[in-house]
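Order of writing sets the chain letters: A, B, C and D. Residues in each chain are counted from 1.
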Amino acid sequence: MCGIVGISDSPQAAQLAHLGLFALQHRGQESAGIVAAWRGELRPHVGMGLVSEVFTRAALQSLTGESAIGHVRYSTTGASHVKNAQPLLFKTTHGPVAIAHNGNLTNAARLRRSLEHRGAIFQSDTDTEIIAHLLAREPGPLEEAVIASLRQVEGSGCLLLLAPDQLIAARDPYGFRPLVLGELGGAFILASETSALNLLKARYVREIEPGEVVVVRGGKVSSRKPFPPAPLTRCVFEQIYLARPDSLIFGRNVQAVRREMGRELARQTKGLKADVVVPVPDSGVSAALGFSDESGIPFEMGLVRSHYVSRTFIKPSQELREIAAELKLAPVHETLQGKRVVLVDDSIVRGTTSMKIAKSLRRAGAREVHMAVSCPPIVSPCHYGIDTPRDEELIAARHSVAEIQRFLEVDSLNYLELERLLRAAGGGDPAGFCTACYTGKYPTPIPDFERTAKVRKGRKAAAG
Amino acid sequence: MCGIVGISDSPQAAQLAHLGLFALQHRGQESAGIVAAWRGELRPHVGMGLVSEVFTRAALQSLTGESAIGHVRYSTTGASHVKNAQPLLFKTTHGPVAIAHNGNLTNAARLRRSLEHRGAIFQSDTDTEIIAHLLAREPGPLEEAVIASLRQVEGSGCLLLLAPDQLIAARDPYGFRPLVLGELGGAFILASETSALNLLKARYVREIEPGEVVVVRGGKVSSRKPFPPAPLTRCVFEQIYLARPDSLIFGRNVQAVRREMGRELARQTKGLKADVVVPVPDSGVSAALGFSDESGIPFEMGLVRSHYVSRTFIKPSQELREIAAELKLAPVHETLQGKRVVLVDDSIVRGTTSMKIAKSLRRAGAREVHMAVSCPPIVSPCHYGIDTPRDEELIAARHSVAEIQRFLEVDSLNYLELERLLRAAGGGDPAGFCTACYTGKYPTPIPDFERTAKVRKGRKAAAG
Amino acid sequence: MCGIVGISDSPQAAQLAHLGLFALQHRGQESAGIVAAWRGELRPHVGMGLVSEVFTRAALQSLTGESAIGHVRYSTTGASHVKNAQPLLFKTTHGPVAIAHNGNLTNAARLRRSLEHRGAIFQSDTDTEIIAHLLAREPGPLEEAVIASLRQVEGSGCLLLLAPDQLIAARDPYGFRPLVLGELGGAFILASETSALNLLKARYVREIEPGEVVVVRGGKVSSRKPFPPAPLTRCVFEQIYLARPDSLIFGRNVQAVRREMGRELARQTKGLKADVVVPVPDSGVSAALGFSDESGIPFEMGLVRSHYVSRTFIKPSQELREIAAELKLAPVHETLQGKRVVLVDDSIVRGTTSMKIAKSLRRAGAREVHMAVSCPPIVSPCHYGIDTPRDEELIAARHSVAEIQRFLEVDSLNYLELERLLRAAGGGDPAGFCTACYTGKYPTPIPDFERTAKVRKGRKAAAG
Amino acid sequence: MCGIVGISDSPQAAQLAHLGLFALQHRGQESAGIVAAWRGELRPHVGMGLVSEVFTRAALQSLTGESAIGHVRYSTTGASHVKNAQPLLFKTTHGPVAIAHNGNLTNAARLRRSLEHRGAIFQSDTDTEIIAHLLAREPGPLEEAVIASLRQVEGSGCLLLLAPDQLIAARDPYGFRPLVLGELGGAFILASETSALNLLKARYVREIEPGEVVVVRGGKVSSRKPFPPAPLTRCVFEQIYLARPDSLIFGRNVQAVRREMGRELARQTKGLKADVVVPVPDSGVSAALGFSDESGIPFEMGLVRSHYVSRTFIKPSQELREIAAELKLAPVHETLQGKRVVLVDDSIVRGTTSMKIAKSLRRAGAREVHMAVSCPPIVSPCHYGIDTPRDEELIAARHSVAEIQRFLEVDSLNYLELERLLRAAGGGDPAGFCTACYTGKYPTPIPDFERTAKVRKGRKAAAG
């Protein structure tokens, strides 16, 4: 996941980036950072935690400059440690350079070994540092070095790179992750989602295209497509869960797409008898509304979400944990009592949370619980930046839908069919999406993973 | 506002109180505290901030004991300072005593002056300390001293009082604030709302009645009604805004009551033409759903609420503040574009927030904005514990509905009529509510306030 | 112990008090606080820890005003908790009043019980709060109420009391603790020691006399002696250990007095053969220099004190603790090797520290260790504000000098004789000092203590 | 400056290193860190501040392992930032490696440029990272790579390098900084000073020789001298000021050496008439005692040092700063009044501090102030790790002794002659010391500095 934002040609570049990170905070809560360019130097402020925790007034004021890039991190590779927080800032023969990257390299391990053999020193565990090392070894000018480096990496993601005199943006040729360009009174804004442009009241210019490299320098934007073309495989999970409802993703509004997914789900489950449609808030709300539209079953906020259970919450003792299972999502007894409930969620990963929620509805008096999920069963892990767990923990990787239904203890379980999902996501056109997590068919080679898989298999064989 | 919880006869009293405070956190975020009784002593842990911020694991573990009371504070009287955080713990001739109180004394200033003349020393600015001083000067036993003290105070609110050997609860004779009794495997639970009982999986026993004093001692609950009877004037704002949707308040579920208020609002505004009903989240959601039910106009989450704008947020510079007005509530452009919008909110106080939201909808493309509010205009300040501002700042105290509509720049403005509101709140029966904020008719004398008002008037006369 | 400072008639009152507390920090490191008077109000800033930890720039700047009092606390009565930190600020019928007090009331328990019976509420465990309660119950004017209150208390100590329009200082009739008056360009300064006057470059005016009450109001100083006269019993431990070497205490410079004590010790132990005189730094340095003067034995800093072992230091595991006994005081091997050492310290309380130091000298190669102590054996606890432990822990309360010598494993042990000590302390005149800790003869009744002692004795009898 | 410690072959390696850092804390207070080797991995804990601030109990307990290295940093190169805190930990083709280094590379800038041209990425500003990059580019085994790297660097300092299976120590061929080897029950200890060995009760084995590389692996110590021999130029300032009095430095006890410097100073100034010798504490105490020995003038602690003025101290306003100049060093008025004072300090750098101290003595009543300094005038900056300022700020670089005396406003000023200093430092033999700061003759080329100097000169010529 992770969110990135870049600002160029504004006297308040870091301040705008700071606000932009608030609009992208849902993409990563582990760390936050901004690097600003000022008089030939780059100044960083990076820390663990939320944007509001990392940036004090003093920290923000120290970041003067006319351009800046920012990052919020949701740990995928690399442990949770400030060394892994981005943007990464380093000094090379190209001068100081800062990089903010979201996504995953699928050949990271191989590149890392090769770089270490050639004398590279690593201080973090991130893929981003690999890109930095490649860059440091390519001859200038910087733009060419960036392109030469990106030619060597495989995988997903978007990149923002800040030098004292320019801002470079790149989106991978497959188009896994979104990246948009905006404009605000002469300033240029690059961001993972349009939520950042909206907040800043910037004009939405366009999506950065897959494989496009954009350079903002001297108040001008130039664009190239220097990589060989690749099939379009946009991440549909961005629309299902990841992005904010008010964002445009791949050119479509997320809230509208989700409502349509809910309608498709109702069409697919036509005939299901129920009294109330209840979403798992907040991500299931739009799909539940769509389901209600199409089925005519009334919508209710039958689960109330508490915003006070923070990360620093002290878990109650084991005994009380049972008692207090509903700290985060409290069922509304009077709304559920005696009702047949359609419970709408965006996805099921491990299944344990869904199981607890279904149980909680039943305890609050629901007569029947029918689970409706706005995407197909997730059977394979993501290698392109989404933090899904390994196969062993994906409930649908090892269990049939009937088995999952029994595990959840629900009266019925319906997953949205892939074709319906893609049609909703693409506004009628199902082409151009990555479906690896639902099908196990990865659109790119994944050498690091295959190697590990082989090693594991070998061990098992030896053991067996 | 403020929330209180008391636990008796449980080996995990403080742990249960801690969880209970999470379920009452919406009633106060300024400070939190628990006092637990253990072997004849009372041990406090009190601090500024959210429950999750105040209680570390160590702090919680230090609070062993079989009974405990907890408090979350929303500052009404007394400045924001840890000295004012509750429960207050003090030592008197009755031994150590802790008090948690929500509500407001209307004769506080008079009592305070009188106590100081008799040698009392004050260390906080709270009404609660006044009750403590009265208590310390009454002869025992403790239960009688509590009743004798409460006879001297006027105003609203509920009280929990913890001594090493008993837990005493009292609700004022008017019944302004709610207080419920629950039971969990032999333990007794007293709480401002049933959300705390639900979270703990406790059985709801009943409301504590107006003017009732309950004593839990030696595993038994006894009850008295020692005060002269008073007219029933329950605070309807509890149901409109204050309480959690999953709570029972005055015997009715808040979510259902709010949905009915929305339906009444639609009935009242019958004929209003619009394309979409949009709530101000989270408090306007149920009323908006009710409005949509009755009017047939589709419901949409046209405003997305961000949960990352905390109290420690660094406000952007004046210039950027304009730009970033939507940090907390972001309009969904695609949902609003070209639409006639009914914007549903629970109340209008100063009017500035509503004005900004309406503006933001319009900027996002809404063709018309019709504001619908689920209570009447607020024309008078509350003296019973709700933190409404003084007359000067209440927009409806000085302006007609037509003027307010112009200020908000909305195409129409409808407030729910008082009769309709009370009918929804009372499940058909409009009697037994305080309507002072809508009518200016206070159900009790308010001597402190009247004195101040007289002084102010006198000054004006002298000046004029 | 504790240190107090008061400033009147200066536009920078709190800033001067803040500096003054630095010069008194050695008298108490547990908490620090200042209250400043400004336009009829008193504003406090009080916290746990060192002056440098408690006062941020913002905190200090908030303390505008023309008069202020400050306090550093060394816990004697009352547990270590911010509620016990001083100055205490409270509101009475006399208006707001702040009190800073150093010393101990010997009838505190009795007064407290009586006040509680009359309805007083206690929020701290300090003697100071007792004085506040007495004060609140006496009729005004304030000065008379202060005197009437002090007539009821017994024990030691000095008091500074700040009201919006005056600063009142009082020293107990026995003169246990020092208090001096200074003047700086029209401002008046009251402080425990002249070190505060010196730091502020203030002119030393005079000692406040035992039993004197000084009122600074309207730029004038007035003085009274309203209490019955008492025998003069100044605390000689102030000069031996407590005060800073650069202070005048009871009219004599502490460094000079200590050097003279060292000379007396050398005279008393005439004939002792040794190669080097080594102090326990820092408090033993002056006496060791005096010993060297008189005996002709060379002085050396054979123990080096580390300033980096703070209160937050993580103690090593038991095993390493043995190894690392010298974290705070490291012996200089080359200076001690093969030498006969006279080790000079100011006093021996429990004996464990002295034992460890002697051992450490020996391990570093000292051939003989002769301990010389600049006061007599401490046989009785102090009830006048010095934090000596109870009899059971005072090594000299239960053991002869010969036994202590064996316990310390030293080659000889000499305590300065009482007569010699008092002569040094009094500049030749041994009269007018409290010698309770050396003789067990207390100059005042100590009712609280005697009652406790009786109870304990009773229990023992019953048990035996 | 900086201090380093290494422990090998102890189950409590990190705990011993932690204690060792306390005994070296005087060498650096900016940051502290330890890296421990455990089962093939290296684990760091590094932070800004004192050892007692950086290490919590939890942090220390996480550092299990049989070997460890630690570092305390006094910033010389590299700004004050946690990225520059040591030990540095990085991953290379040799596996994980941690380095702790004290000293300065004189060809750092040149090496850095060359490494950047070859693709190196820098994340800190330290010389230590340069060594790491060199190391990563040399073929293994590790020991050979270390030696090959050190052949490329010029300058001063000692190095400790930790790998999962070995601990390597190196001292530069000139022997600028000290490094000693100790032994404790089978464990090996390497440390900057013997104070660390003494604290741990370890046996002092020997100094590591200039140019020696020691490898501890598999419980055995091996030694090589792989570098071409260089002239011996030990830093005499270690003995004058830097090291702890209880340490052996270059085989001599620091306290004894300093006392001898004081004696030499008295011999040199024979005939000086004075009443009292007063040191600037703590570093001037030993020399002042030596001066007193030789001259017969009595020694007194005429200045009292306060230990409560920490780094976080809030400086008083400009006006009060004048008043409160003596926060750190308070003169003892009664000791100084009317006296002719010899003020002994270890060195004069900028002269401002000495000037203030002299003034403060005079204000306290001193009749004459004669300044005696236990080293010659410092005329040139140090390029070998001591944080002396640039020429412009060294008072003796631009002023004669007569001028300095006038600036200090003292009655006489005597610097210890170089020959006398070296004789005292060398126990009679003045050879083998670096005297660059007193003579401007640097024992090694200093290319970085010369290049900068040339550039500056060029600019001036162009400007002129």
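The rule is simple: contacts are C-beta pairs under 8 Å (C-beta built on N, C-alpha and C of every residue); 3 or more make two chains touch, one makes a residue touch a chain.
Note that this is a predicted model, so its numbers are computed, not measured.
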Margin query: Just to be sure I understand the contacts, which chains border both chain D and chain A?
Written below: none
Notebook entry, point to check: So which chain is the furthest away from chain A, centre to centre on CA atoms?
Noted result: C
Note to self: I'd like the Å distance between the centres of chain A and chain B, where a centre is the mean of that chain's Cα atoms.
What the structure shows: 38
Check: Where the centres are mean C-alpha positions, what is the separation of chain B from chain D, in Å?
Finding: 62
Margin query: So the centre of each chain is just the mean of its C-alpha atoms; given that, what is the distance between chain B and chain C in Å?
Written below: 50
Checklist line | Shared interface positions of chain D, touching two or more other chains | finding: none
Margin query: If I apply the definition of touch given earlier, which pairs of chains qualify?
Written below: A-B, A-D, B-C, C-D
Check: Can you list the residues on chain D that touch chain A in the complex?
Finding: 89-93, 116-123, 132-133, 136-137
Item checked: List of chain C residues in touch with chain D within their complex -> 12, 15-16, 18-19, 22-23, 25-26, 50-53, 55-57, 60, 195, 198-201, 244-246, 248, 253, 255-256, 285-286, 289, 293, 298-301, 304, 306-310, 312-314, 316-317, 319-320, 323-324, 326-327, 330-335, 363
